Amino acid sequence: MKNLKVPIIIVNYKTYSEATGKKAVKLSKIAEKVSIESGVNISVAPQFTDIAAIAGTVSIPVLAQHIDPISPGSFTGHILLESVKEAGAVGTLINHSERRLKLCAIETIIAKARESDMVSVVCTNNAAVSAAVAALNPTIISLEPPELIGTGIPVSKAKPEVVTETVELVKRINPDAVLLCGAGITKGEDVAAALKLGTMGVLVASGIVKAKDPRKVLMEFSEAITKTL
Amino acid sequence: MKNLKVPIIIVNYKTYSEATGKKAVKLSKIAEKVSIESGVNISVAPQFTDIAAIAGTVSIPVLAQHIDPISPGSFTGHILLESVKEAGAVGTLINHSERRLKLCAIETIIAKARESDMVSVVCTNNAAVSAAVAALNPTIISLEPPELIGTGIPVSKAKPEVVTETVELVKRINPDAVLLCGAGITKGEDVAAALKLGTMGVLVASGIVKAKDPRKVLMEFSEAITKTL
Amino acid sequence: MKNLKVPIIIVNYKTYSEATGKKAVKLSKIAEKVSIESGVNISVAPQFTDIAAIAGTVSIPVLAQHIDPISPGSFTGHILLESVKEAGAVGTLINHSERRLKLCAIETIIAKARESDMVSVVCTNNAAVSAAVAALNPTIISLEPPELIGTGIPVSKAKPEVVTETVELVKRINPDAVLLCGAGITKGEDVAAALKLGTMGVLVASGIVKAKDPRKVLMEFSEAITKTL
Amino acid sequence: MKNLKVPIIIVNYKTYSEATGKKAVKLSKIAEKVSIESGVNISVAPQFTDIAAIAGTVSIPVLAQHIDPISPGSFTGHILLESVKEAGAVGTLINHSERRLKLCAIETIIAKARESDMVSVVCTNNAAVSAAVAALNPTIISLEPPELIGTGIPVSKAKPEVVTETVELVKRINPDAVLLCGAGITKGEDVAAALKLGTMGVLVASGIVKAKDPRKVLMEFSEAITKTL
C-alpha cells in the first residue's frame, strides 16, 4: 500500500468553500501538523484544481476525489489518472456516494490504479456492495451509509451491526481487505468505535472541514486512534 | 467579454498526454509567445489539475474544460466554478461533444458564469442546438459537428453550409451572439474559411496539441486570422 | 398537431402504483369518459408497459413518458420511438424533471418525433430553458418548476410571474409555440389561473392519480377550462 | 429459480426493428415452438412496450431488458419492477453492455428482484466484474465481452480462457452461481463450446433476431445443447 498506511484518517474536502484554493492548502498544513505531532496517518482529498498546490506543500499523502475510467486521449472535461498522479496525488477516492460509478468503471479504475502504483479507496453503501467491491481488490473499502452522511449521527455508533456485517462479509471474499467507515463521524469516540468494530480508520468530511477548530477535532480523532490500538 | 477577446483561437488540451502536467505548461508558453508575436488572441483549456500552474505562468486567458452546475457544498468529485476561478481560469468550455450536458445544467452553468464574471463557451453539434443555446446568452457558441472531430476534415470546408445556417439561425435569436467553429481544423486556410463564414475564430485540439510543431501551426492559424480580417 | 388538440389536460401516470397495469387502464377509461362528457381534450402518459393496453382500450391520445434519442438497433433497455408508436402512443413527454436529458438528445428526439408525425411535449424548469426549447420547435412546451412538483402549491398561483415571463420569452423566439404549465395543480382554479396566464392547459400527475376521486377532479379541471375560454 | 430453468437460450430483442411490436410477438411464437419441440429452455427479452402482448401469447418465460432501481412513485420515464411484472415478465436483464448501471443500482435491483420472486440476469464484461456480481447473488451471470458483441466472433471460441477464468473466479465466491455467456454466438458449435466451458447456456441477440431463418438457428442452438449435455 504505497504511501498510505493504516490506521488512517482520510479527510474529504468535497467542494466545500472552507476547503477550496488557499483555504485547502491551509487546512492541509493543519492536517500535516497533527499527523506529525500525533504519529497518526492522515490523508487529504482536495478538489482537482488544488491537488498540485497541496501535494507541493505538505508531506502527507494526497488523494483525488474521483478519476474517470479513461486513458490519455480525447476526453474533454474528464479526470485522467496520469494527470492527478503528475499533480502529486498518490491515489483516489472511487464511487463516493456523491459520485457513484458504473460497476465496470469501478473495476477499470481499480485496475488502472493498481498498474500505476496508485491507491484505490472505494466507497460503498452497504455490506452487499462492499462484498462486491472486495472481489475487485481495491486498496481500501470505505463503508458510508449515505443516509448518515453529514448528519453527525456516526455510522459506528448508530449502525454498528452494518459495520460488523460488512467486515465479516468482506473478509470472507478477500481476507486482506482493509476497511474504513464514514458518515456522521464528529467525535473521537466515534473514531474509537469504528476501530473496535474492525475498521482501520475513518473517511470524514464535514466533521473536520466545517469544524470551528479543525486542528482540535483532528487531534481528538488521532488520539482516539492511538488509544484504541 | 472579460479577458477574452475575439477573433480568437481556443486550444482544447483534452486529456492528451502531450498536454498534461509539465507538457501542458510548456505548450501554454508556446501559445502565449505566438499570441504576443502575432497579436492574435489565443486561449488554452487545460485539464483541471493544470489550471493553476498554467494560469500562474502565462498571461493568455485560461479556460476550464467543464464545470458542474453546482454551488459550494457536498459534491465530491465534481468541478466547482469557484474552484477553477480561484485557480486562475477566466471561463469554461461547456457541453463539449465528449462531455455533453443536460439542458438544465447548461442553463445553470451559463447563468453561474455570468454572475461570476466568467466566460462561457458552449459547444454545439448543429444549427438547431446552436439556436437553442443562443437563447441562453452564453459568451460564445462553438459549433463542432462531432463526426468531424479529430478527422482533419475541416468543418469550415467540408460543411460550410452548416456553419452558414448556424450563424444565420443564431443571429436571428441573439444578434449579439459570437460564434466559433471547430472540428478537423489543421491548416491556416481552414481558419480563414471559418472566419469568412461569419465565425470569430476556432476551437481546436489535436490540430495543435498533436502537431509536430505546435508553434508553427499556431503561427499559421494566427496569420490566417490577421490576413482574413 | 396530430391527434392532440389544445387546450388540454395531460395526466402523467409516472410510476405510481395507482396508475400501473390494470389500474392504469381503469384510470384511462375515467379520463376518456370525462373528456367525452366535458368536450375538453385529455391525454394520458402511462408507463411503457401499459401503452398498448391503454391505446387499445380508449380513444383519447396516449403519450409515452420518455423516448431515447435512438434509431432501431443495438440499444438494449432503451426506449425506441418506433416501439411506443406501434404500441399506440401519438407522442411523448421529453425532459421531465424526473428524466432530464442532454440538450443534444432533446433536439434529436424532437426532430425524430416531427419526422414520425409524433407529438413532442418538452418539460422545462424556467423561462430561459423554455426559450431554448422554443428554438427547437417542439409541439408543446410544459413549464414545471421542479420545486413545486407534488407540493399542491400551484405554479399558476405561487409563481404567476414565472409563467408570464416564460410565455413572453418563448413567444419572442417562436410565436407559434404552445405552452402548458404544471406542478402543484390540484384544483379547478389552478387550471383557470394557468389559462389566464397564457398557457393552453396543464400537465398534472399526483393531482389526478392520487386524488380520492380522480373523476371528480378531472371534471373540475375540465369545467375550469370550459369556463375560462 | 422461478420460471427459468437452465440450460437455457435467452434471446435479447434489443431495439431491433425485426423484433419490435407484431414482429416481436411472431418471433416469440417461433421461440416457443422450438422450445416445445426441442425440450430446451428458451426465454425472450423484448422491449417494454411488447412484454404484455408476448407474455399474453406464449408460454415461455419473458424477461425485461432492464429495470430501474426504484419503487413505485415519482419516476417519470423510468422502468418499474412492479410494472414489468404485472405485464408478465418473470425477471429482467441487468447491466447489459448497452445499458451499464451503477454498482449500487445493480445491487438494489438484484435485491428487489429477489424480494419479488423475479429472476435477475446480470451481464458482465470480464472475469473480475463477474466475481463482483457473484457476491451479489443474482439468479444468473452472463459474461459478454463487449468487443465481441454483434461481431459473429463467438466468445466461447475466441476467448475460451476468459470464460474458464470467469467460471472459476465466480464459483470461488459463489459456488451456486449460474453462468451464461454471450457475444458473437451464431452457430450451434458456439453454443456447444459455451457449455463445455462450464456455462449453462447463452445470451444471444443478432444471431437469432437478424438471422434469415431464426427458427432454424434456434433449433440448431437447441440441438447443440441437447447433444452436449
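Points worth noting:
For reference, chains read A, B, C and D in written order, and residue numbers begin at 1 within each chain.
Following the convention adopted for this analysis, a residue touches a chain if its C-beta (ideal position, glycine included) is under 8 Å from a C-beta of that chain, and two chains touch if they have at least 3 such contacts.
Not measured: the values here are computed from a predicted model.
The chains in contact with chain B as well as with chain C do not exist; no chain meets both. Our note on geometry: chain B versus chain D, Cα centroid distance of 44 Å, whole angstroms. Mean C-alpha positions place chain C and chain D at a centre distance of 35 Å. Residues of chain A in contact with two or more other chains: none. Taken together, the touching pairs link the chains into one ring where each has two partners.
Within the complex formed with chain D, the chain C residues making contact are 12, 14-17, 20-22, 45, 47-53, 65-66, 70, 72-80, 82-84, 86-87, 93, 96-99, 149-150, 205-206.
Considering their complex, residues 95, 100-107, 111, 125-126, 128-129, 131-136, 173 of chain A touch chain D.
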